[in-house]
Amino acid sequence: MTARARVLDYVCLVAGLWLAWVLVFRWAGPEALSPPGATLQRMGEYLTSAQFWPHAAATGLAFAYACVIALIGGLLLGLALGANRLAGEVGEPILSSLYSIPKITLYPVILLVFGLGVSAKVAFGALHGIFPVALFAIGALRNTNPVLIKTARVLRLAPVETARTVLLPAALPEIVTGLRIGFSATLLGTLIGELFASDQGLGFMLIRAMEAHKVLDIMALTLLLFAFAASANALLLVVERRVHRQ
Amino acid sequence: MAKAALRRETAAAMPGRATAFSDTHVALRGISHTYPARAGHGAVAALGPLDFDFRRGEFVGVVGPSGCGKSTLLDIIAGLLVPTSGTIEMDGRAITGTVAQGVGVVFQEDATFAWLNVWDNVAFGLRRAGVAPAEIVRRVDYALAFMGLAEFRRAYPSQLSGGMRQRVCIARTLVLQPRLILLDEPFGALDQQTRLLMGEELLRLWRETAATVMLITHALDEAALLSDRVAVMSARPGRLIDVVTTGWPRERDSALVADPAFGALTSRLWALLREESRKALGVR
Amino acid sequence: MIRVRILRLGLVCAATVVLELLCRVGIIDRLTMIPPSEMMRALAGVVATAPWFWPDVTYTLGNLVAAIGLSVLGGFLIGVVVHAIPRLRRVLDPIFTSYYAVPTFVLYPLLIVFFGIGPTSLIVLGALFGIVAMIVATVTAIDRIPRVLLKVARVSRLGSVRTALLLKLPAASPHLMTGLRLAVAYSVIGIIAGEFILSTEGIGRRVALAYNNFDNATMYALLVLILAFAMALNAALGAFEQALHRRWYRS
């Protein structure tokens, strides 16, 4: 894959999306959508306005907290369950079922337990992210190639040494995948959590715009969120691919 | 047959070569193993009972039909598995469930560490054993040169072919200067030509280290070519049907395939195994 | 194996009992959560006596089935097309990889403008949520069809339709099943979330209503129902998926 072909693909994609956007706008009218040019301009206004950044910071802070809980908590949980055979066999299906729950269903419960405010956002975000991190970590440890464990035994490594020098490096690629997915999930969870639980933050701004039917604002904010989430994901993918290349 | 006898005589006359392997390195008595019942199937009698002596410095090939317990046998000798009955002694000391010092194992599957380059892979065991850095460099460089991997020192396993990766695994074993080397069908995934070349390298390794070598292989010709003695196992549960002495000289290589004694040996092994292989196929 | 199952069951039961005790003793107050036993009782009551229950369930299930159908069939067809045109696949790849990392739900108001408040926008939302999972799974599934099977088909001179039906489809079934399971899960999320946010009918709407009216009994009853349904569905599809994977990829 030449770099040139790849750039061409991206250009095609962006051009195609732009075109589709314009066509839909022509068809649906300004009540439904705002045109690409105006939306981008509004985005620029947001990024340079003084009111925007406190909200962005509020969202960012809640997201950071949620990430710490989800990623670190998920890792600890996953490594503990993955390391112990019995614990893993008992716990993994439970985690898997919990992961498959439509977490939006738990939203009212979270609001009741944590009240309206930052902790609800953080809790909801962490709730989304912790499961994939843990599940991937468990999978990574359980899928360790048995021949590596045998090799460690032949080399007469102590258990802790085996874990540190063989198991963990071998499991790292899959763990990193889990971290990436957990990161994205936490972001989504935090944003959803913000919609009704907050008087600050980007989700709150979005709800306000929705209530006021300000289509331009809705689209500009949406695009900003999309852009942030997509770039963060792309960045993490690059990291992940480098870890997996080995 | 006459030629083989002549060969043995000339071999005996070669200076500095031990003609008879007299000293027992590893002794197996009454070894048998049954895998316990698990979900889905009952207990499996995999091996034995089996008696065998490995003499110090000899090259033993082990052949047998699939499922006859060869890998189980290797695991037991390595100390990775405790047999359900029987005893195993190395240098007079009993082995039970822990890997003794000086044992090297090369597995059938690729056991390279994907996250380390070739040099670090080979150095891994030495680093864990706390060997001095200068000594590590010396041994690793030597092993890489010996196995023809010197120019790939910085490459990662994913960039190497299967044969190269096995060489890395062998090099990793070599640097630890083992006195007992166990190989479980290490060349199973390779094509015939590569196997012949790797077999020669294995012989070089054996001569270099003066270690006792046990090679499990399903290729009868490989066993006949490389070994001093070939242990022939029956279908599951694997028992020793026969032990065939080849009488090859120590300085041997793949040119031996032209020797009629080689053909005779191979057909003798097949004659022993044909019925057992049929059984194994039917059982499966 | 059995021991593991018993342990797991025991763990879940213990957790439920602990929750029950915490609620009854008052450590968790009634305004936050009601005891699990009361949730079940409320659920029984709602199922038996609430006049809105069956109509709303029918509404939600109807939307769900439509959304699943749309996302699975649409996803499959689009996946086949995308796989057949490698250029298209490369160009669209960034969308597929980032799709579930971006907040798609913000498009919901847009959908309402298009389709109005009602089942159509809900169904479209649910389908949009699930369709990309199905597309990606379809593409992967076709990738994983062993090349040698296609050669067998050509040697046996099967036409393209028979090759597709008799060889390709069964060979692709494990990964297609994965796609189906994911599409279903995502459609459920999409429908329920949509009903929460903006709907006039449906179980999701009832939960939102109950929440706003401080009717914890009804709210928790319905939440338990939704959770049980989602988990059962996922477990059933997952078991089926595992069986297919085992049959095809026994290692």
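Labels A, B and C are assigned to the chains in the order they are written; within every chain, residues are numbered from 1.
Going forward, a contact is a pair of C-beta atoms (placed from the backbone, for glycine too) under 8 Å apart; a residue touches a chain by one contact, two chains touch by 3 or more.
As the structure is a computational prediction, the values presented were derived from the model and not from experiment.
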### Query
What kind of graph do the touching chains make: line, ring, star, complete, other?
line
### Message
Let me check something: if the centre of a chain is the mean of its CA atoms, which chain is farthest from chain C?
### Response
B
### Task
Give the chain pair that accounts for the most C-beta pairs in contact.
A-C
### Task
Round to the nearest whole Å and give the separation of the Cα centres of chain A and chain C.
19
### Query
Using mean CA coordinates as chain centres, what's the chain B-chain C distance in Å?
53
## Note on the structure
dist(centroid_CA(chain A), centroid_CA(chain B)) in Å evaluates to 50
### Message
Applying the document's contact rule, which stretches of chain B touch chain A when the two form their complex?
### Response
78, 80, 98-99, 101, 103-105, 107, 109-111, 113-116, 124-125, 128-129, 156-158, 176
### Message
Quick check on the complex: what are the chain A residues that touch chain C?
### Response
6, 9-10, 12-13, 16, 28, 31-33, 86, 89-90, 93-94, 96-97, 100-109, 111-113, 184, 187-188, 191-192, 206, 210, 218, 221-222, 225-226, 229-230, 232-234, 237
### Task
Provide the residue numbers of chain C that touch chain A in the complex, in ascending order.
4, 7-8, 11-12, 31-33, 87, 90-92, 94-95, 97-98, 100-103, 105-107, 109-110, 113-114, 185, 188-189, 192-193, 196, 207-208, 211, 216, 219-220, 223, 226-227, 230-231, 234-235, 238
### Query
For the complex, which residues does chain A have touching chain B?
145, 147-148, 150-151, 153-157, 161, 165-166, 169-170, 172, 245-246
